[in-house]
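Structure below; questions to follow.
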């Protein structure tokens, strides 16, 4: 990555670091609330180069909903296009945990990045794999080339314990027949998947195959076909930020996905992956600093998919 | 454009032309219903080359909702970012003429490509220009370099006469204070704008500046800034096909816009604009053949923004 | 009416008159806003006795939505049960001017006391009568035995001029085919019907036939059959107070109807009609003092339909 | 009860028994599906006389949602008006198990006769009583003067096992904080309460205090105050038949409550209680024959609360 780019990134990073950092850390479980709220990390990984990073880029954090993309990829890889019989690809226009549309859509979630959608995909994973918990972890360790990435059982348990809204979603979908397994089992797996912890560097590595036509860069292994890769990126573009997806597309112009732990990952197909982390969230539940960084970054580089 | 491309386009064009053409022509006004339903045209215009066309590419048709993009550009050019105080940029998850979200959103339409949104933008146009009807026509004649493009007063009048849903939308928004002028006046202008007639070649020309960073190719005139251009393309990507926007993004992967007259325009920024026209519509109100052509085209070329 | 009753009414009247009178006068048109907000009147009319009244009972006020009951009766009288093909009898659970349910119910209003419902009934009146404006007035003059009751053309005009929400409702219903006449014509009649002015005594007289099995008391004329009368009362019970209908039924226990002018009329079948007027409204749009009076009255008398 | 009444009832009973009996028996659990679908029973109990019965009036059936009224009475008796802080008294305009309104109403159910509402009331019962399961049974045995009335543990278990929609409702409300106990515990009690089995005669006895100002007839014990009794009857009137409540009020004109087991109970305050049972349901989930019987009955007697 040339010096020009590095200068841009460093400049924006320092600017934002020195500005006010409003917003609120997710506080619904102690594990997310008791975090140093001013941490801030950025990593950028061009496809064929090493990553450049700034700030707390070695600290692992809870990637939460970002994990839904990796879950989707693993299930999509196994099922092919059949997956879309049970989950749609339309933006929802509603918050991430809304039940309203499910009622009119007969239990088919609008997209796989809503909680409802990822719960259905988790249910599919159970039927696809012998040991879904173990094999999902192997999958993300493989795509990141990092053997130490783990679930946080504590975060998963805490989340499960107070996850009444998700229990409502799962039972509601089950009442329409679009969940096959026991709701408690599905929710346990779903919570575990969301509890994965990574650093911004690892997040870049995990998503590089999506910027590279579906192939891992390190060993050339095909994770998804070109067409599937395009489709996952398209869903990130239209649905990656809940009811702020249009706004993100409008301001940043890259496919991406955010998590309530304060992480955001975005990518420019054929070029690079960029990951940002800062725990304080805006009112829509996306990282305040993360959104700002990415907007300033694509404005400065004048590079986006549009 | 190299021969390889021309071969791909021609091949797909012929394939679709020979297949069944299901769907229904828009029939709510006689002017749209009484059309030869099997017409089919494709034009592609690389930024710096002449267009290549197939089928009925010299026939003008009612571009209908495609006109909303050009309307947005003209108002955006004049107002800058202030426009977003009166219309949002989020996908709606609802059909094009739904009133439901307006009620919970206090009269702020979800995006400028819903009827509700374009009606608000039409209202803004009235306050911005001396003679909005005349100046909008001048604007589209300028960007297409075609002096003969016109409104169809007949289509506009027919549409206005039975446009009870649009009258409902306009009065509803007015009740929230987000329409400033007389509803009848706003609806008249809106219907006129949607009645513009173009051929697929002209449609390509009209959208070329959006594939070219905001500048007209023929004379280098700046229509929108780079940032504004990116943003209009982003809205097309997330909102251009009503509640089939996610599906289009998923299958085709280009920003685009459809109209009930059977036209679709899409573009690959920095590369080309492509326009398709065929009057029969799928159940979501988008051209059956148009959607199919674009899906096969981006699959064959393996080129999309993702 | 025995002295015991008179004492109860007078006692409650004086108590409320001396208490604070919170709430807001309807202010959307000048004719309703520029009223002495502390006026307060009560009239009770036992079926076979003269009315007893307190406060400003000779002052006429705009009965507004209360008129919807009389409109319903006149149309019901002419059409019989066919009326229910175009308007339902279910409570809506939504505010009086909501459009949401109309969309899922394909233009059939939930009940005739929503604006949407009364607009459809007005449309029916146009097709039933030669001169609906004149004949509706004759009808209410007949049932009240008062030749001087009139529309307020000023109120009707003001209301029509800013009635964008009603214009939205009417056009929306028209788009589903459940309005037959020109929307402007329907809205003009509807506004006129709502502009009728009466005193609380006249309001009691107007509703006496509904407490008397459908017959006028003064001359025995049959306005509605017994069965129709029961049905109109039932709709008042379940739908007479918008999304506060359950609350009114719960607290007061009588079928009744309120208007935004501050009037409320209620009745105990076989016994009496009671009308209250005080212009300040609670947040649900019903007269603050009116609701309070009726609750205290049925609590004190221990008489309700339950 | 005089001979005239008995003749009317017997006549209608025989007429309906000889007519077609369309509709479907509730089939979601085997215990309800495997029932003789043509059973038909009617009992009427004037306040101060013995009941008269026709058909299968000694057969006990699953009273299901009818039990929600008795549950409400028991909790209301203990809490007084505080109960309304956690459940509203408005009709919902939606089916019995809809989640939509809960989302906009922040977890406060519209009324205690929706599943959502009865689940909240069940949650309150747990906090009010030492042994809610035992004491609820004692309560209904007391008001019916029948020591053999029981829960059906089988029905309760079957219902619980496939009650995903109720689990969704309960967890959803819990996510808003309006359920205090463990959702599984609440749902277990709720299912048990709905599983009570009674004959039409016992149903009449159970509801007689509500027709008698809150007092048991047999021993004069006060179950509810007069005011509370009026209020429970008012809620039955506006909310007793889900989204067919307006229709029932319109056609029958009595406060009442239906259950998915095919039972309906209704009452004329100060006069009598009437219970009907026939398992086949109309599309809204209310007994086909039961609705018909009550409509013909109040039409023939010309007695209703209106």
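A few comments on the model shown:
Per-chain residue numbering starts at 1, and chain names A, B, C and D are given in the order in which the chains are listed.
Criterion: a contact is a pair of C-beta atoms (placed from the backbone, for glycine too) under 8 Å apart; a residue touches a chain by one contact, two chains touch by 3 or more.
In UniProt terms the chains read A, B, C, D = Glutaminase.
Because the structure is a prediction, the values reported are computed rather than measured.
Contact with chain A and chain C alike is made by B, D. The chain with its CA mean position farthest from that of chain B is D. Shared residue numbers account for over half of those found at the interface formed by chain C and chain D, and the copies are therefore classed as meeting with the same residues. With centres set at the average Cα position, the gap from chain B to chain C is 48 Å.
With centres taken as mean Cα positions, chain B sits 32 Å from chain A. For the pair chain B and chain D, the distance between mean C-alpha positions equals 55 Å. Counting partners per residue, chain A has no residue that reaches two or more other chains.
Partner chain C is touched in their complex by these residues of chain B: 98-100, 103, 164-165, 167-172, 174-175, 183.
For chain C in complex with chain D, the touching residues are 88-94, 101, 110-111, 226-227, 229-231, 233-235, 237-239, 243-247, 249-251, 253, 255, 269, 299, 302, 304-306.
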